Amino acid sequence: MITFDGVTKRYPDGTVAVDDVTLAIPDGAFTVFVGPSGCGKTTSMRMINRMIDPTSGTVSVDGRDVAGLDPVTLRLGIGYVIQSGGLMPHQRVIDNVATVPILKGESRRSARRAAYAVLERVGLDPKLADRYPAQLSGGQQQRVGVARALAADPPILLMDEPFSAVDPVVREELQTEMLRLQSELRKTIVFVTHDIDEAVKLGDSVAVFGRGGTLQQYDRPARLLEHPANDFVAAFIGADRGYRALQFFTSGGLALQPLSTVTEQQIDDLYLAEQEWRLVVRDDGSPFGWIDAGGVEVHRHGGSLYDSVAAGGSLFSPDGTLRAALDSALSSPSGTGVAVDESGAVVGGVLVEDVIDALEDQRRATAEHPAD
Amino acid sequence: MHYLLNHLDTAWDLTLIHLRLSLIPVLLGLLIAVPAGALLWRRTALRRLSTVLAGIIFTIPSLALFVVLPLIIPTRILDEANVIVALTLYTTALLVRAVPEALDAVPPPVRDAATAVGYTRIGQLLRVELPLSVPILVAGVRVVAVTNISMVAVGSVIGIGGLGTWFTEGYQADKSDQIVAGIMVIFILALIVDMLILLGGRLITPWARAGAAG
Amino acid sequence: MMRMAAPPRRPAPTVLAAVITTLAATVVATTAGCGSSDPLGGGSISGDLKSVVIGSADFPESKIVGEIYAHALTANGFTVGRQFGIGSRETYIPALRDHSIDLIPEYTGTLLQYFDPASTVTRPEQVELALVRTLPGDLSILTPASADDTDTVTVTAATAQKWNLRSIADLAGHSAEVKFGAPSEFANRAQGLPGLKASYGLDIKPDNFVSISDGGGPATVRALLDGTVTAANIFSTSPAIPQNNLVVLADPKHNFLPGNVVPLVNSQKKSDPLKKVLDAVSARLTTRDLTELNTAVSGNSGVDPDEAARDWLRANGFDKPIGTR
């Protein structure tokens, strides 16, 4: 358990970076500190491993005030990941990862062995172990940073905007990896980000920091989206928080419409009315795209499949979230979202109205049986 | 060229002397300046003071040093050691400034990460900051070494100038060939030493050679 | 379940090892020729009397005479080390006294002045006697040679003809127009401007004194030839004098001290064998020899001091041990 008790950080020139923050971070939880830049989220996190000391108030780890602990020993027991990776450029990847075990006194051989194991765990090819950080891509470097933080198996992991500097595709991969890792390791993680979507996606709890280093709200992500504590939080979450909140509703209860599909061979025999669309599937049942009357004409006259078919919308899984289902319906040219199973085969369709109905049902269910 | 070709063995002897006199002070200077520079690095007041001191050392004319040093240290006036000590004072003065500057070039996120993962102050200095300062430091050492090679010629006022003695002899005896030969050999020597230090620096910084991928 | 990859072999040497290797290699390489400049190590207090380190000043004549001493001694069973090119008395006198060198060619008059600036003697015999008396106990001179190299007042042939100059006194009448070139200390030395004024009435105005610091060498000669100075202090055995038809003005009143070449030695190394060899050499060394030797080494076509010295020694029979001539 990590606790902040009335913690304030005031600098000699008068700026207040953290203002009277009190919160408790339970063991094994993924806690995100989020907020605009300069609101004290990083400063607060860095007080946990004494990179910064509070001016007043107490930060405690497992009941012990960190101010009374030797900083080096404390830090050896806390994993730390920063935005640019912070890898030692002059050491190979494997030595970077083995840093903390070696600092703790393990032999080089046993530290390296542990390092190789962690490399695999974070999804890195062991062949990269002998490279230097500069020879890795940004995403790979970030994974190495995470591996280094995990190598000595610390109970606490501090992560300072670790995924901000990579492109969105890589960022999403890393976020998914992070969730998978956490489900395996169950560490106490404190994660700092300025991106509310990332916070809501990753965190078990989210602490929103505001201007002047004040704690605005500390809540589970779903509650944060539904019941922002004040205008600041609401504004920070942004205009489409309702849409975002949908990710916390499952599409389990969603009724799927049967969806008739055609293969490429059957296109020429189709007769479609205006505004009528048909889903074209491949041989393995996976969706290719939507075709309308005009597309059928093009195909009859010798056009390729690509030229005849309109690109489909996003796909969703029946076990996924309402948000995915709604997006699928909204982005489909035919107005029908396409549900696929694990193998990618089409299992049904959904209309926007269906999603809204499901949402109402779930809301009613929650109101009648409030869970907390 | 005739002069050089006719005096190849003298050239070789003088070159060895010249190398000794110019390179040993660089090594000694490093041995002193690296720990001293590391100590001064983040103590601004001390660092400024050392810069002033270094500047003062530079204003002492070398001939005065050669004559005064035997009074302070147990060398005799014509000992090579005398010249080496004098030149070491100069190289130390130069390097004691170059070392903190090279340390400054270590990227702050790397230093921050090193502290955060649990390096001690000294551990961080020895295993992270000093190694990473090497590329910039090597650049400084190259300058100091090449400067020293021409400073050694100064010792010719007391007959210990290595290849510089060809300048004074050639001038006195009106032998322009000898002077030109002296200039050429010193120039080539400086080029070779510079290149060797550059290559040596590359050798001990394999990570800098590895280059970026993807 | 994937098998853990075996850790590869230890990669390239650590940074530290590489640094140490480089340092060691450099030290070894540069000390390879250690001691080549001074194989005898400058001698200890009571060193072997048959081993001698010879020094010289940094002008050619001093080096030639130094080589003459060196080769003569070597031919007579001495082990000789060389430490040539030492710039000034302020450096080589202390070097003699702290045993960095044992022997150096000197000039009687100026050496006397160095130790006794107030001395007033002018004749060669008087100077020799005064030197023996004045030198500190740890330094000694051997027998001086007749070879004499002194300061002069020298002009171009054209100037000599224009003003009909034969002695310094003849120049006195043109004092106001005379620009004089010499090392800066000449302006204040007893035999310098003050002496010229006292002995000959040659009064050089301060503005007309041009300080040239190469001791009568190439720059001074150039200044005289291109008219920057009217007269200059050029040493009497300079090859520039015959080469450029320069005229040395006579010094009948002995303003300038004699400069007989004499070996100056650390008293502890003054042995009978040493004296025997060097006195024999000094007995044969003439002023004309000095001028010819200086001419032989000067210019790009000139030979090395070493070769000029050996030629002289051979011509005078010193290439074989004394007593077998």
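Note that the chains take the letters A, B and C in the order they are written out, and that residue 1 is the start of every chain.
Simple rule for what comes next: a contact is a pair of C-beta atoms (placed from the backbone, for glycine too) under 8 Å apart; a residue touches a chain by one contact, two chains touch by 3 or more.
Every value quoted in this text rests on a predicted model; they were computed, and no experiment measured them.
Highest C-beta contact pair count among chain pairs: B-C. Relative to the centroid of all protein Cα atoms, the closest per-chain Cα centroid is that of B. For this pair, chain B with chain C, the centres built from the Cα atoms lie 32 Å apart. Distance between chain A and chain B, defined via averaged C-alpha coordinates, is recorded as 54 Å. Chain A and chain C, compared by their mean Cα positions, are separated by 86 Å. Residue positions of chain C touching 2 or more other chains: 15. Taken residue by residue, chain B touches two or more other chains at 131, 205-206, whereas all remaining positions touch fewer. Annotation for chain A: residues touching 2 or more other chains are 90. Residues of chain A touching chain B in their complex: 49, 51, 72-73, 75-76, 80, 82-91, 99-100, 103-104, 131-137, 148-149. Within the complex formed with chain A, the chain B residues making contact are 107, 109-110, 112-120, 123, 128, 131-132, 205-207, 210-214. Put simply, chain C touches chain B in their complex at residues 12, 15, 18-19, 22-23, 26-27, 29-34, 36-37, 42, 55-56, 58-60, 63, 83-88, 90-91, 94-95, 98-101, 214, 217-218, 297-300, 302, 304-305. Against chain C, in their complex, chain B makes its touches with residues 3, 7, 12-13, 16-17, 19-20, 23-24, 27, 63, 66-67, 70, 76-80, 131, 134, 156-161, 165, 168-169, 171-178, 200, 203-206.
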